[in-house]
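Going in written order, the chains are labelled A, B and C, and every chain counts its residues from 1.
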């Protein structure tokens, strides 16, 4: 199936595509930075959606893949001079390896038990890395500036990382769409709805869950490497920022868990809201509380998120609101 | 040797308090199958309430606990009514996320109001020496209070009408409803009790450790580990599990740096969940 | 003489202190309809669970088409061509009726692609009379329709053997007659069927052979007539006078 022939992919793809185009055309640094953060969250939210939205396994520790993969990729490019795109791929692969290890232990847990286990994963990973000397311990690593030189200096390097992130985000969307419309995706959704029944019908749940989990880990690993490369350093607090993990989760719920467009819209809207809160004198300190309130309101009144609500309200538009 | 013994005994005394916190969590799970992710935040609120009554009203912290009991019970009703009542039958994801959202709100507001600077209750009741082992007064009193509370909870659950109603609903909600037990009220009461236990545990902890609004998080993880160890839904298991964890915390720092304690607890948690999900003592 | 599609050999299952099944043995020939009856709590659904891999037996063997499937997980059993319709219906609520049935076709014995699965699903839905409900969400069906959905899901997997667990329960007489027609059609297509049923008249009239379970043990095997007249069977049901009356009326 050619995903580009399907209506469902286009709204998300077009949105991200245009954002990148506009930033590249205007060549403004501040715009690029804002867009970078936005695309990063879209990528993280969309990848979380694969395990949480399609498969129904709520992963509170999604940021671990971002952190671990990012650390590893950064380490390779800074200490060993690897080219950025290779280091990023390696970061993605490392994240998959971590997912495999974690998954082997916790994917057998069901429902709330799985979610609980993932809450602790992030804390444990952060604590572990803080004590791990080759990764700089609690201080982290600073970039070796020759890593920027190979791309013609820091300025060029920042634009390169943006372009790569843009491509990666588009890739996440396409992959997510392909999964959703594939037989594999049908199996995942069956697992989400009723895992035991899915198995009775022949879905190899243990294997498929693991695949989904690994897939959801790959992109954050890539994205993490790009992010830390752009920042020029990596620290445990940045890499395993639990707050960030929560925000990504809220973005998926806000936009619509299990949809393609949901994480995109959710990330977009949440970012706008966050910027507003941070600059507003009144709300400045209440960011976490407001995030919590949003989540609560969604869970209580609009569990399908924005896209879920739109689909109900405008059934004719369903094929665009995938 | 006496040092190790001291350490273990200290740990056990704290373990009683952990047990109280865990009992609250396991009660909520046992009655309504909800995993309360705001438990730690409630403990922190208990710490702050005790502190504020002590520092602003010069109230004896142990008397302040009485206020904590009442306030937290009401607070629990509030949380149940606002965040849980609507989604209690909607499945585990909804209740998980809603208690999680409540947690974020409490921590968010708490950080804004109290900032993250540590608070401390400077209230000493002395200590006494027994054969070279030092027993800190505050810890002894806390352990005593924990035992009293456990006893009171037991009496409540087994000898009062509301208590029996709670046990009926946790055994079989549908059947209990058929027998005319108003399950919503029972659920609200159970949640209130669970919250109260968390807040009291927090209040007791504040008498011997400094704390911030974020301190609840690590205690929450401990409470989860204990519940899982003792069997989810099993209050006695929670108490025993609390003692076990407290003792473990007394022993571990002798052999490895303290920052590893959380990692050890988390690994233990996942291990028990994976190997023996019904807990070492069997769940409900 | 058709081959043995299913051989259950001395299967026992213990849950803690409870002996749910004890040394249950029987064979099912290809193309046969075998009715499994017994009072409530006799262990019929437990037996199904052992056969299709939901949990392994404590002892004994299950042989499917000559292959030992004892202890295999349920998805492995499904892939070998054994499909099940549950007593307590479990539709995949957020999927459409068509998608529900497609899952059966995609992950069953023949493992079809999505496209092929869709047409197989349409056929199965037509066969059970749910074709017009195909684009609706499965969660919105009524009980009788959900039962048909269970059956369609099982059929779409094109299994060699169908395990039907009380597909008639909760249906009114005209729904029952309709379902029976469908089952007769299915049997005519060569499926082997093992069915648990409480609706006596139905199961007695359609089954080639009957086996009776009581307190986890097989107490009778034989043709419907033989079983109906068996004093042990009647005694087992004496705890259930309505059931006995119906049996005696056969």
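Some points to look at:
The criterion applied here is as follows: a residue touches a chain if its C-beta (ideal position, glycine included) is under 8 Å from a C-beta of that chain, and two chains touch if they have at least 3 such contacts.
Since the structure is predicted, the reported quantities are computational estimates derived from the model, not experimental observations.
Steps from subunit B to subunit C, minimised over paths through touching chains, total 2.
The most central chain, judged by C-alpha centres against the centre of all protein C-alpha atoms, is A.
With chains reduced to the mean position of their C-alpha atoms, the one farthest from subunit C is B.
With centres defined as mean CA coordinates, subunit C is found 48 Å away from subunit B.
Centroid to centroid, with C-alpha atoms defining each point, subunit A and subunit C lie 44 Å apart.
Note on chain placement: the centre of subunit A and the centre of subunit B lie 33 Å apart, centres being C-alpha means. Every residue of subunit B that touches subunit A in the complex is listed here, in rising order: 35, 37, 83, 86-87, 90, 92-94, 96-98, 100-109, 111-112, 221, 224, 259-260, 262-263, 266-267, 269-270, 273-274, 277. By the touch criterion stated above, subunit A contacts subunit C in their complex at residues 181-183, 186-187, 189-190, 192-194, 196-205.
Of all residues in subunit C, only 52, 54, 73-75, 78-79, 83-84, 86, 90, 92-95, 99, 102-104, 106-109, 111, 113-114, 117, 153, 157 touch subunit A in the complex they form.
Listing the residues of subunit A that touch subunit B in their complex gives 56, 58, 105-106, 108-109, 111-113, 115-117, 119-121, 123-124, 127-128, 130-131, 246, 253, 285-293, 295-296, 299-300, 303.
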